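Chain nomenclature is as follows: A, B, C and D, assigned in order of appearance, with residue numbering initiated at 1 for each chain independently.
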């Protein structure tokens, strides 16, 4: 009886428990220590080894507003790292929401950067993979004006960019399409290194490409962002949410376990109702 | 010829010839392949039957995919099954609702459903709102479909095609109105949700088998048999490559790069 | 507490809560915002489509004289012939164009980056050695699992071969591998979805209500 | 004419684009290459697709328009849908055509930022709740397969949660093994199968064996 009631518990109870578990640590963080994944460290090392005198980074702002919670903390942390090391950062978007999010990041960086000098938001180019192809073929001239409508030609940040090999590293932050597959198809052999910041959901799919060495580094979802914040020693949005994230997992695991206990409990009493095998 | 495409071109010609050859041979009655049982497809009739008993509509979703990207084959595979579902609903006189995200495939689906009702001899079962375009935006479409689930109280929910994040919204939304659910997609990340939350699930390539299995149409069955031969070749190829790799020989890997 | 005074933010907050209310129960407020959201998304898509037509077809046609762009404009307009019974069949032409396009651009990638590249990646030495020739047990076991697993999955997808004997064994193993794969995918998706929910929570409690 | 032309279009366009991946030569009688020709056709596709958006929206207008005219239940919401849609269209197209009008641009970006994109984020994140209820309701150890699926899910989740790592340091190791070995294997096998199936479907469409979607009448 008790098991059966537990098995048929109202789903709203589940929702409420989840919500409470998530909100509490956001209001009052616990600070659970975080280990850093090797793929995150790869990205960090790539940037540490850049030369501010000559190396240029392109930050692909290819994530959508809807999915930004998983990727934005990564992009912010990486942009901070680039700014701290005074590396030139060209922000390019192949997703319509990108330029707006780039502006948000430039705002966060504040006086660590000088717009036009070591950072620029060149704006959005429509067309997905074909747009990426266009940019790779002519990174210096594809965009005439930046997102704010100012001509790019006389900005120091763009100086000396003729072909794609003048860019040392592409760090592409993405929530889906276009994304790593489009870039990997279009980048020439021996071109710039390519590393990606992706949503957690895509992690399983991207694994074969990481194993094959086509990706020089990978930031994995919110956790990747939090890990990067740990590496640059500037805890931010990512780290703040990691506690909630962590507890969220535990509570989902608990749901699975309790759900099964209830299932077997009521089954033992022979009161389970049909419903076919689900797998 | 473009560098590095020789091997792909060879594969295209050889595998393509096999698939077409087997298809033609089956269509001309020279081959008689049998298709193994696919329980999830058998369950579609059960689902439509349940909806009929309850006097509530059947919902069909061809998914997130469209007809002009790499998701196209999955969408087309879904169209094959949709044809069958229309015929079933016509036979049982059960209302069908098809919701649509892709503006490109919408007119094709509308045409397909209209024709299928015509063929089944029930042209007046097709109404303006049988096939509904909801929105091109993923989650607006999802919100609209969830709304339809509860407002129309669908009793059967069939989702076949390429699905993205909405898979679980639909599967749980359907479960909440008590619908019997049959789902299938080639998108691996979402299959997990379908397996967990739906009554019957088609995994990966089983989706493509749908049209052949349901219609037993000779050219479609032949197509499926041709795919099996291609699979056998692929298996032999992988076994060979593995043996060579173990023997530390890389001529096959070099050949592929050509 | 820094509650927002921006009416847009209030509209956003109320809309978000209304949409969330669906998980409690479908209700009139959800319905209202569902329709606003769908209307907004379609309106926005039309604006984008209009922009595409102007930027990519009309402007280059009229200012740069790219006459080839007449073709897609005519094809695009032909889509609308379906509303005029006598010439409705003409709408199949642009549809066929789109289908041909879909098949044409996806087939190569399917063969090259999916079928061939992944088959190639599946070929791994089942006796793995390190750079200096030492035998690696763990890696060898992993490689054997990976090769057999891929073959097993392919066996599972035999449709015209009856599943019995060794085929059945391999197919069964393939199915088990797939089930674990689905589990892994599920586990990762959980993480991603919670991250999104945290983002939304911070919009509501941070941007709007100013609690966090 | 009504059937053969569409089949011919599919074949010609499809073959042309497919060929452009393998070959590149100057098309006879012209000065453009196969690649350039293919990218032109690709560009046409973007434009034709843009027209299709309007077509699909007419269906939406018809369904909701009929509701409003007949005052069927829910007609007020239908009216609001159409009103919102036209607000976006009018403001959007006006601000595009008058780039100097800053208040129109501001209004459109407010519409986008507050009346559209947060709603997407809301629906997207709602999945988290459904993950929770599906975990509770559907993940049952009914069979060996189901048990494997849910054990893998649990281990990966624990591997991803820093808190679990504090309890047992091996959780991330197991999670990573599942991800890089078993998951890669399954992904690969299914990807190969889906590619073969997709390839066969494409051929059938290209060569016109499959014509269901062209309609059965003439």
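In the analysis below, a contact is a pair of C-beta atoms (placed from the backbone, for glycine too) under 8 Å apart; a residue touches a chain by one contact, two chains touch by 3 or more.
As the structure is a prediction and not an experimental result, all values here were calculated from the model.
Q: Strictly by the touch rule at the top, which chains does chain C share as contacts with chain D?
A: Per touch definition, common to chain C and chain D: A, B.
Q: When you take the mean of every protein CA atom shown, which chain's own CA mean is nearest to it?
A: Per-chain C-alpha centroids compared to the overall one single out C.
Q: Looking only at C-beta pairs that count as contacts, which pair of chains has more of them, A-B or B-C?
A: Spelling it out, more C-beta pairs touch across B-C than across the other pair.
Q: Using each chain's Cα centroid, which is most distant from the centroid of chain B?
A: Comparing chain centres, A lies farthest from chain B.
Q: Mind checking the centre-to-centre distance between chain A and chain B? Centres are C-alpha means, answer in whole Å.
A: The separation of the two C-alpha centroids amounts to 31 Å.
Q: Rounded to a whole Å, what is the gap between the Cα centroids of chain B and chain D?
A: Computed from C-alpha means, the inter-chain centre distance equals 15 Å.
Q: For chain A and chain D, let me know how many angstrom lie between their CA-based centres, rounded off.
A: Once rounded, the distance between the two centres reads 20 Å.
Q: Among the residues of chain B, which ones contact at least 2 other chains?
A: Expected reply: 5, 8, 12, 15, 68, 70, 72-73, 103-104, 107-108, 134-140, 143, 151, 165, 168, 188-189, 192-193, 195-197, 203-205, 209, 224, 227, 231, 234.
Q: Can you list the residues of chain A that touch 2 or more other chains?
A: Answer for chain A, listing residues that touch two or more other chains: 11, 15, 66-69, 200-201, 203-205, 208, 211, 223, 245, 248-249, 252, 278-279.
Q: Among the residues of chain D, pick out those that touch two or more other chains and give their numbers.
A: Answer for chain D, listing residues that touch two or more other chains: 21-22, 42-43, 45-46, 49, 52-53, 55, 57, 60, 74, 113, 118-131, 133, 135, 137-139, 145-146, 149-150, 153-154, 157, 160, 179, 183-184, 186-188, 190-194, 196, 198-199, 202-203, 205, 213, 215.
Q: What kind of graph do the touching chains make: line, ring, star, complete, other?
A: Topology of touching chains reads as complete, every chain touching all others.
Q: Quick check: in the complex, which residue numbers of chain D touch chain A?
A: Against chain A, chain D makes touches at 39, 42-43, 46, 113, 117-118, 120-121, 124-125, 128-129, 131-133, 135-143, 145-146, 149-150, 153-154, 157-158, 160-166, 172, 179-180, 183-184, 187-188.
Q: Sort out for me which residues of chain B touch chain C in the complex.
A: Answer in residue numbers: 5, 7-8, 11-12, 15, 33-36, 38, 66-70, 72-73, 103-104, 107-108, 134-137, 139-141, 143-144, 146-147, 150-151, 168, 188-193, 195-196, 203-206, 209, 212-213, 221, 224-225, 227-228, 231, 234-235, 237-239, 241-242, 244-246, 248, 252-253, 256.
Q: Which residues, counting only chain B, touch chain D once they are in their complex?
A: Counting only chain B, the residues touching chain D are 1-2, 5, 8-9, 12, 15-16, 19-20, 23, 68, 70, 72-74, 76-77, 79-80, 83, 100, 103-104, 106-108, 110-112, 115, 118-119, 128-129, 131-140, 142-143, 151, 165, 168-169, 171-173, 175, 186, 188, 192-193, 195-197, 203-205, 207-209, 219-220, 223-224, 226-227, 230-231, 234.
Q: Which positions of chain C touch chain B when the two form their complex?
A: Within the complex, chain C contacts chain B at residues 19, 22, 26, 30-31, 34, 37-38, 40-42, 44-45, 79, 82, 91, 95, 98-99, 101-103, 105-112, 115-116, 119-120, 122-127, 147, 150-151, 153-155, 157-163, 178-179, 181-183, 185-186, 188-189.
Q: Applying the document's contact rule, which stretches of chain D touch chain C when the two form their complex?
A: Chain D reaches chain C through residues 2, 5-7, 9-18, 21-22, 40-55, 57-58, 60, 74, 77-78, 80-89, 92-93, 96, 110-116, 118-131, 135, 144-146, 148-157, 159-160, 175, 178-179, 181-196, 198-199, 202-203, 205-206, 213-215, 218.
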